[in-house]
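My questions will all concern the structure given below.
Labels A, B, C and D are assigned to the chains in the order they are written; within every chain, residues are numbered from 1.
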């Protein structure tokens, strides 16, 4: 066996005031999946940028098949057959699937003319290779999130890479799709590709990887063979301390009266006849595969989308919620899964973001009560252990976990008694994950009614008092905590 | 990859294209204008009036074409109108400065330019491309917001136009210039043919080639284009160079018709160019639109105004109509898109 | 303690609401603006001894009063991520509509009608942008033309003279405690705008709408109301600024304020407002209008031609805007 | 280099224009004492003096820098058509169809055309008037007089279009009229250069074209009605010389390169060029905008403490300058506590009011009330084409008008008029 496909030697990168990477060494062999894990801020993103040519290291060496290279940009990385599947979807919504997949390396006819027919056929072939049936001529803007993710993966594959980097590829996929993706990765691996797999989902990491490298604070903590490695051991490597399982946050509670009652709501061709109720002090999860429309149900409850039929009752009173503002006034809070897109105003300060849902309360004759606003924000920062240097810090400068805490804090400040949480731990590192679960349990402990949507079934089973299962817009199952069973719930996914 | 054959018979694409065309409201609008024009005025469909119409389309169409390419990348170019005059001014001033060096005098009888016109045209085109490149470099490499960068160019170029000419007009009376401005070829004004030529080249490039398609990618999601290994900055500069070139060609057509160039000409035409591109369906947010649709937009715009002019409608009411049509056309397309989505 | 009752007491140690070394956190844009302003003042005093005289300061402030007031409105609009190209149309239509009431002899009616028309134009812009979702560039480009056309149509193109309407003329020519009224209004409205953006509950809603409209909506902020409000304010600011200019000259010109929208926009972006929304400040805008005012004053005092002044203004804008760009790059 | 070419222009100018020298020698005796002739004589006198040299270095430098000589030499100065003699008081009164204002037009007897059908009474004559600025008082009055004249003749159908200071648009309007086969076109061109080609096209299509006030670059044009600019600037200079032998002047000028600026300012400089006492303090182009003139004057008042004269190329500028001086409380801040002298052009009612009030020293009338001449001229051309009458001259000079001052004066043989003696003012009434 010759030189590794990719070698990083003593990579160092500092940003003003921060050492992002300190002496990082990493290698990848052909036909292996090498996972890269670490808490947010551990340096994974910087390392990926270095590999992708977006960031130039201060020192260190990169070798590809033994040859030193300078990756001065994404183009150079691609030329060295190193491709990256981005965490966030970086696609052109106005272009077709095929055009997106082959963007930058389209087949050319004479005089540089485009060749749409060839392009579509090539895209079809590539989609076929990973057993996906998707019309290559469709506009990406019309696709679902999951389908877009597949386009993103195909785009990386289209460059016929030797090294393929997956950055949190499953963040928005459900278990079924994750299984599919891992299957694709296994296939690629069998074809002799080297795969770098970055994920917070340690189960997947243990499942798919051959080796794992753990980063902490810009240092490599260790590189281990996966065989014989357990999740707990991996977590302690990452956080440098023992980790309590997600379940630890849960404790038995007394339920109060029904806070939120949804009676047979329907929306044409989206969901049909959905009923549920959440009592005070109860966490109710809605489980389901992507496309089960539970997000649409949550949005309708929050007034962000309309319903055609049915009734929503809050604390026993029927309400017609036509906008989020009315829902908020009725006491509902909503934590969207897409933190950056829907949860936060990134160019605004931590303090302003925390106060966003209580502006009316913070005003006297329209003037802002600054002391009170700061006091509230301070209390929340302390309570939720948000790591910030001051309330003036911009939300965009925080890590994912801390950003999520702000999204939660915003609704704690509001103090409504019904909370809808959509994927509250998406893309959040292990340490913060635990804190976030504790906070959510704390909300229920205080007597709030919590409606939880998360893509990871295990997390949901750890956190919820009850779970509803939805499939294709209908409720297909109903489980109390004592009856939780992954098999039984999964069975309802396809019912 | 090499085994793939080019197997797109043109016929198979023509029919859906025509069907699309028939569904396009702007096509119906143009048809309506012509029908109403023909019915209400005996002069509307005369050769002379149609020639006028084509000449009007040529200038505003050329400006809007350049604007369209820039808008496709999700940016804007406010400098087009100032640049269109500036490029010609530079052409003439440079040539008159060169003249004494080679012992001739090309500025006669006041400010009539009597020197060779081809170099003026070439310098104008170069100037247009160069200023476009400066705009593009400012936007792409120095990351100045395009609105600001081109607003600065607009202001500076307008100032330079006066500084360079001292406020004097230059007369441009070369036969070639006259030919461009006034002559016809096969019954069609040369200026309009020039516009059609630019249009065809741009359709071929933007909609036909892989490189041209990248304007759409950049406008759709610039990061995606960047991550796909496309040198987006170079394409942004290219878009501005195209816009600058279109402005210079528009300047040639414009001043060939007036046979002179004057510092304050074409004030405010940048906003007209934006309006036309938008009426043609180009999205300000980038990634949507095409040179072909800008042709429709400019024909609709010019034909509508021409009809009002034939009717003798006062300018104020014309302006009122432009404003309302602009808002309504975008509003209606927005609503229809919403409807088709839901 | 439940989390619901947090708002009552301050818990130590509190995190700073503002950084201790605030100046370090000033944007490079703000610093370069301040630097350019200081340099201009020093340079001005060096070349023109009367530069810092009270009279000349009045002249500079009077010259920027109208553009500054319009720029306040524009800044609010730009912070929400929109643009208002209609200000010149709004200003002229408002002044003309107000001017039609001159024969009543009631300054209150004239002023009221002027401001009301500005409000109506602003509300129309806001409704079309916020409710129908048409891009503001298009809407306001349209209303710019419509405003100008209507101003001509209702006035028949005739200039109007608010002679004898002393309260009206006072707005442009009067003094308040020795300070010209337009300058007083510039300061008062500036203070009001600062209060609105920084000390009112509308401020965070404003920045949130521009920074991330979906997040703002899902946090219960009425983004439609925010947008309509800023356009309405911009319309009223335009009407008021137009009225100040008309009153100073005692002359309402239906062809006036040509190209004003681009000058005001230039001041606004020079003041640091980003057209992408969510960023911008009234203080920046005010500084920027002072920079432009001083540059023009100095160039006029030096006898530089108006045409070169345009070039110089363009260069100044780039000189102030460029350094700020680098900073944003690094922050990314 | 540009200088050189302007010199060349000077030599070839004769073909284009009626130079002062030739017509004056053949002036009929009865016209000698008319205002028109007196002013033409003065124009020649000062022009000749200036050509031999200017002793005032400041004035000479400005004159040279902006190349006034080239413009002045091609601007026509000459006799009125048909030996017409204009006297104050002549003309007709009516209400302007556009402005709805009471108007007294001074030149309705010039190239007269009796009321009633013109030419072939059985035919309808379609005439187009295109100009800029339906929202500019001066220009509305121009349209008023044209429309009044057209209305006097039932078989004339007049279409009036505002091209809104867009030369390209004006060209398009003319092209549209060519397509619509109009019988005649009258235009007020904003700038000379761009309007030549459309006019040539119309003339080539057999349509007579008459320009008003400003010129086009067309040599084929049927007639040009113009001629008053020279007397304007000259009288501003003569008044200044008469009022004070020395002074520090600031200039508010129109667009660089515009006829109004080059001729008025140039003639003013010719008139004062050989008086050593005048100093040029500052020189602004204020784009014919009152606001701009206001700003530049306000700034100039700060830069210079010893301003004694404010020269304004137009009335708008003069009003802006006056407002700025008044606002700065500097009306009497000229050296020695004297009043700052404001010299103006354009006899708008608001300017006359300020003359009466003593705030503006003098104004040279520049009347927009010449649209009627244009209509009559174009009708005569249409008739000439059909062989019904003789064509009017190509150059139709408008009568030089005497300046207006608060008190009656006699300056170098020019009888000035007081505002009350001037019924021809244009623009809205301004209450006192």
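To be clear about the criterion, contacts are C-beta pairs under 8 Å (C-beta built on N, C-alpha and C of every residue); 3 or more make two chains touch, one makes a residue touch a chain.
Remember, predicted model here, so these are calculated numbers, not experimental data.
In terms of C-beta pairs in contact, A-C outnumbers the other of C-D and A-C.
Note on chain placement: the centre of chain A and the centre of chain D lie 75 Å apart, centres being C-alpha means. In this assembly, the C-alpha centroid of chain A lies 41 Å from the C-alpha centroid of chain C. Distance from the chain B centre to the chain C centre is 32 Å, each centre being the mean of its Cα atoms. Touching two or more other chains at once are residues 152, 157, 305, 307 of chain C. Chain contacts: chain D has residues 134, 256 touching two or more partner chains.
Residue positions of chain B touching 2 or more other chains, listed in rising order: 162, 263, 267-268, 316. Pairs of chains in mutual contact: A-B, A-C, B-C, B-D, C-D. Those residues of chain C that touch chain A in the complex are listed here as 2-4, 6-11, 14-19, 25, 195, 198-205, 207-208, 211-212, 214-222, 278-279, 330.
Residues 43, 46, 48-49, 52, 55-56, 59, 96-97, 99-100, 105, 107-111, 162, 165-171, 181-182, 254, 257-268, 306, 309-310, 312, 314-316 of chain B are the ones touching chain D in the complex. Contacts from chain A toward chain C in the complex involve residues 16, 302, 304, 324-325, 328-329, 334, 336, 341-348, 351-352, 355-357, 359-363, 366-368, 370-372, 374-383, 388-392, 410, 412-413, 415, 442, 446.
Across the complex, chain B meets chain C through its residues 78, 138, 142-145, 147-148, 151-156, 158-163, 263, 267-268, 271, 274-275, 278, 284-285, 316-317, 319-320, 322-324, 326-327, 330-331, 334-335, 338. Of all residues in chain A, those touching chain B in their complex are 73-75, 78-79, 84, 86, 90-95, 99-100, 103-109, 111-118, 121-122, 155.
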